[in-house]
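In what comes next, subunit A is part of two complexes: it sits with subunit B in the first one and with subunit C in the second one.
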Partner chain A sequence: MSPLAGQLINLFAAAMLLLAFAMLSQRRVLTLIHLFALQGATLVASTAVVGYATHQPHLYLSAGITLALKVFLIPWLLHRVINRLSVRWDVETLINIPATMLIGIVLVIFAFNIAAPIAQLSASVARGTFGIALACLLLSFMMMITRSKAVPQVIGFLAMENGLFFAAVSATYGMPMVVELGIALDVLVGILILGVFMFQIREQFDSLDIRHLEKLKED
Partner chain B sequence: MLGALSQILEILVALVLAPLLLGWVNQWRAWLQNKSGPGVLQPYRLLHKLFLKDAVVAEHASPLFRAAPYVVFGCMTLACGIIPTLSTDLPLSPAADAIALVGLFALARVFISLAAMDVGTAFGSLGARREMLIGFLAEPALLMVLFTAALISHSTSLTTIVDTLAHRELAIYPSLAFAGVAFTIVSLAENARVPVDNPATHLELTMVHEALILEYSGRHLALIEWAAALKLFAYSCAGLALFFPWGVAQADAPLALLVATPILVLKLAIGGVALAVLETLSAKMRIFRVPEFLATAFLLAVIAMLVRILLQA
Partner chain C sequence: MDALALLLGSPLAGAALLALFGHRGAARDLNVAFSLGTFIGACGLTARVVAEGPLTAWDREFFVDPLNVFLVTLTAFVALTTAIFSRPYMRVEQEHGKMTPRRLRLYHSMYQLFSFTMLLALTTNNVGILWVAMEAATLTTVLLVSVYRTAASLEAAWKYFILCGVGIAQALFGTVLLYMAAEKVVGPEAGALLWTNLEAAKAHLDPQIITVAFAFLFVGYGTKVGLVPVHNWLPDAHAEGPTPVSAVLSGLLLNVALYAILRCKVLTDGALQAPLAGQLMMGFGLLSVTVGAFFLSRQKDVKRMFAYSSIEHMGLSTFAFGIGGPVATFAGLLHMTVHSLTKSAIFFTVGHAAQKAGTQVMEDIRGLARANPTIGWGLMLGSLAILGMPPFGVFASEFLILTTAMREQPWATPILLAALGVAFASVFGRVLPMVFGETALKRLPHQPALVPVFVHLSLALVLGLYIPPYLDGWYRQAARMIGG
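== the complex of A and B ==
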């Protein structure tokens, strides 16, 4: 493996982490979608570089699927959804950003500590980035927890899938093709169903705030 | 002997070039906003005018008020002296490392804030409080940036850091990229530049740095303005030394000192234009958004450190 490939993988991993934090702290829905597409593009680039460095042609295919799905199709679908729901310029004001970021830093340290022994078992060229993948996963998870609107939660869910995919690539050069295709299809169907859900939620409560869903439980 | 020479040369260059850098940035800001601008020499004219004028001091001012400008000016001159801008062979540098550099900036900030509160005007205390708010948020981020560079070179001494960074082979360091962005944010906040404070305004609601020095006049004001220019110069040089360290003369290459000065001027000129562009593109933010802005810097600096530890990159 050339040193440049290793540096590029590290660079893309760092960019993934940065984008995860940017998404965590972003208030605007539109910018959130752009950030998500950018994270997808970073994922594509790093997968392609890992594929090139280790001569694993199937990684190019995964990169291609990711490119089509997460950089073009899903952001386009999300754009359509927020246009139809007319929440394009929606701004969330509820979260305390500095505190969220500090908790995010703690999560990153936690993830790095957990990942260190696992990464040592792996023989992958990108094993160092496993901790970052885990951190991206936890940060997206936290984004889902802190947000109260439906669209950012869905984006958090999708970003979590990005983190998972990145972890798979960095630890074991990706999952078997069947699994990858299955997950890709799942995510696509998931976003379609969640899109329908969002319309239903708004129909029911006149708002996309999912805290209204608490009213559904029976006393 | 050569070390002493480069030390003296470095401080002299800082004292002479600092107002020019400020003028250069202001001139570019004016050009970018379609104005003709006051000319790059304007800060010198201002200093000349202020040094000729009489200093007026408030009746109830304590000796601290008179001493503060000299302390601030001394701190900034010393800071410019220990940052390796021209050469890494500096006799002063063993006396103060990266942490002491942050301490020097803090000392200057404490004195100017105390002096602002000393006379007892409303604007002075308001400015002092805001300055301390920004300072206490910017300082940890600055320390983290310096620690990231220190982790790479295994030393907190500034000359060792610059030596190591200048001698590494060309490689992509994501940690340094993050640290660079964090450092940019911190320097914008610390030097009262646009997203945080507008140096060209005297609007009560927004001013921070101008509110601090409202009571000063004559030679005191001149020293403080000069110190502000030196601070900008010091931060620019620290940024260049950490992230673009090429062209700094090494201890064993005396002739490189001759080459180092034009390279420094060139780098500063480019950096000044970049600063002006950055300032023109961004809007002044509300004072209550500043903690968020600086929390971002702290976050980036911590990520830089973590990435450095995890990826060794």
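== the complex of A and C ==
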């Protein structure tokens, strides 16, 4: 493997983490979708580089699926949803943004701590980035918790899937093909269902604010 | 492998066909017919495993052993009886205008697809496909829960999707780590995720990776089992979906998720040589039993109450598997079986009762024994059975779990006894007036489907009195496999 490839992988990993923070701090829904597409593109690039450096042709296929789904199809679907529902407003977060960022930094340190001993054991060229993958996962998780609107929550869910794929690439050169196809199918069907749900929630509550979804509680 | 092909093919064909014709009058019968085909496949598969022992099929992608074949049969059986129950239930819902033809089509198609995903999760040999099937099961049940399109059902479905989506993502991360550990031992081919390979190599898996992997897998699949503190989706999803869906969620989906945890536990125990997995399962199992029992008394909605009872019982099974050893594992498997049978029977009666009263609020359901004796007595017997009254199977399994706990983990016994006592008082106190109170309600216009109720209850009764030798041997084999 050339040193250039190793440098590139590290660069893309840094970009993934930066984008995860950018999404965490972003208030506008439209920009959030663009950032998500950009994160998908970074994932595609790093997958392809790992595939090229290690001569693993199935990673190209995996990169192709991610490109089609996460860079083109899903952002396009999300665009359609927010256009049809005209939800371009600014997102209110449940915790203010600076506090979120600080918690995010703590999460990153935590992720690096867990990942360090495991990454040592990995045989992959990208093992150094395993901690970053876990950090992306946790940051997206946090984004889901702190957002009160349906669309950002869904984007957080999808970004979490990005982090997972990145973890798979950096730890093991990706999952076996049949599993990867199954996951891609589940994600696609899931996003279609969520899209339909958003229209129905809007119809029922006249809003996409999921704080309306708090009727079912213990008395 | 004709039996396996029938088992998986029948629900898949059913899903495709009912997606086209699910709104016709005959769809309810077709739904039963496809479920019957699945059940015949399950019986054939069981016969083969009993005769020939564990087997793999189709390039070793599928794997059937005593542990999963017993769950396959249970799943196919409860799916069949629930389909029978759903016939009159859906007819009434249609007449009340809650089910339009489009919704019926979605319901029937998703019901079959849900059966397929659960059977796929049970029979696949690939730990990755197990994850894919569990996620697919979530997706189909999300559609089933939201089928009424009311505000409450949408809320329940959204919460269910988000919470289980997050949970199951943790399980995928655990699977990635598992693959990473396995790759070094088994080799980087697709075979590294096959359970048969993993089991053979489990002693050589890296303990450090496996520890973290199990933590993620446990949180992920534990969300679907409904373990406290990640149980919040469960009561909502049970209460707001159609009653046949509540029955299969409680009776089947929770079992399949627990099965996934068991498979991971076997690998973890083999790799670590330390009881980490068991301790985690005991801790969270006990927490679920306690929280589930104490929340029972605060419920107003009958389906919600029995959903909390499911959390309690799944916690009890998880606790039993956590203790480990052949006896506790045997008790855990038995408890999974009788809980499935009894709980789905209860949901069948509750479904009819709620339709009759036009509400799920317990205070408004009164006097079932007078207005519709068979439903009333079915609910009464079912509740007694689920509370662990002696002649029924739940008593046998709870007794086994408690006595093993006394011997192995004495500190847990008072907590378990207190929780079971609280559960008894809360559920019995609510069910009694529902069955025997005064009422002005009329009988149901339709003949309710009571055969499934009483078949389930008598099976639970038989299992409490006498476990047939072949079933006993079967449980023992499975218990040896997971309990060590």
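In the analysis below, the second predicted complex is superposed on the first by the 209 of 219 C-alpha atoms of A that agree within 3 Å, B and C clash if a C-alpha of one lies under 4 Å from a C-alpha of the other, contacts with A are read in each partner's own complex, and residues count from 1 in each chain.
The criterion applied here is as follows: a residue touches a chain if its C-beta (ideal position, glycine included) is under 8 Å from a C-beta of that chain, and two chains touch if they have at least 3 such contacts.
All figures in this text were calculated on a predicted structure; none of them were measured in a lab.
Peer 1: Mind checking the superposed model to see whether subunit B and subunit C fit together on subunit A or clash?
Peer 2: Verdict on subunit A: subunit B and subunit C fit.
Peer 1: For A:117, is the partner it touches subunit B (first), subunit C (second), both, or none of the two (neither)?
Peer 2: In the superposition, A:117 touches subunit C alone.
Peer 1: With both complexes overlaid on chain A, does A:172 touch subunit B (first), subunit C (second), both or neither?
Peer 2: A:172 sits against subunit C, while subunit B stays out of touch.
Peer 1: Using the superposition on chain A described above, determine whether A:157 touches subunit B (first), subunit C (second), both, or neither.
Peer 2: Touch status of A:157: second partner only.
Peer 1: One more residue to check, A:137. First (subunit B), second (subunit C), both or neither?
Peer 2: Second partner only.
Peer 1: So in the superposed three-chain picture, is A:97 touching just subunit B, just subunit C, both, or none of them (first/second/both/neither)?
Peer 2: first
Peer 1: Tell me which of subunit B and subunit C touches more residues of subunit A.
Peer 2: C
Peer 1: Once both structures are overlaid, what angle do subunit B and subunit C make about subunit A, taking C-alpha centres and a multiple of 10 degrees?
Peer 2: Angle at the centre of subunit A: 150 degrees.
Peer 1: Quick check on the superposed pair: does A:33 touch subunit B, subunit C, both, or neither? Answer first, second, both or neither.
Peer 2: neither
Peer 1: Per the contact definition in the header, classify A:201: touching subunit B only (first), subunit C only (second), both, or neither.
Peer 2: The answer is second: A:201 touches subunit C but not subunit B.
Peer 1: Using only CA atoms and the superposition described at the top, report the least gap between subunit B and subunit C in Å.
Peer 2: 18
Peer 1: Overlap of the subunit B and subunit C footprints on subunit A, residue-wise?
Peer 2: none
Peer 1: Quick one: which bits of subunit C touch subunit A in the complex? Just the residue numbers, please.
Peer 2: 126, 128-129, 131-132, 135-136, 139, 142-143, 146, 149-152, 154-159, 161-162, 165-166, 169, 172-173, 175-177, 179-180, 183-184, 188-190, 192-193, 206, 208-209, 212, 235-236, 239-240, 295, 298, 300
Peer 1: Could you pull out which subunit B residues touch subunit A in their complex?
Peer 2: 171-172, 174-175, 177-178, 291-292, 295-296, 299-300, 302-303, 306-307, 309-313
Peer 1: Report the residues of subunit A in contact with subunit B in the complex, numbered from low to high.
Peer 2: 3, 7-8, 10-11, 13-15, 17-18, 21, 25, 97-98, 101-102, 104-105, 108-109, 112, 116, 128-129, 131-132
Peer 1: How about subunit A: which of its residues touch subunit C in the complex?
Peer 2: 114, 117-118, 121-123, 134, 137, 141, 144, 150, 153, 157, 160-161, 164, 167-168, 171-173, 175-179, 182-183, 185-186, 189-190, 193-194, 197, 200-201, 204-205, 210, 212-216, 218-219
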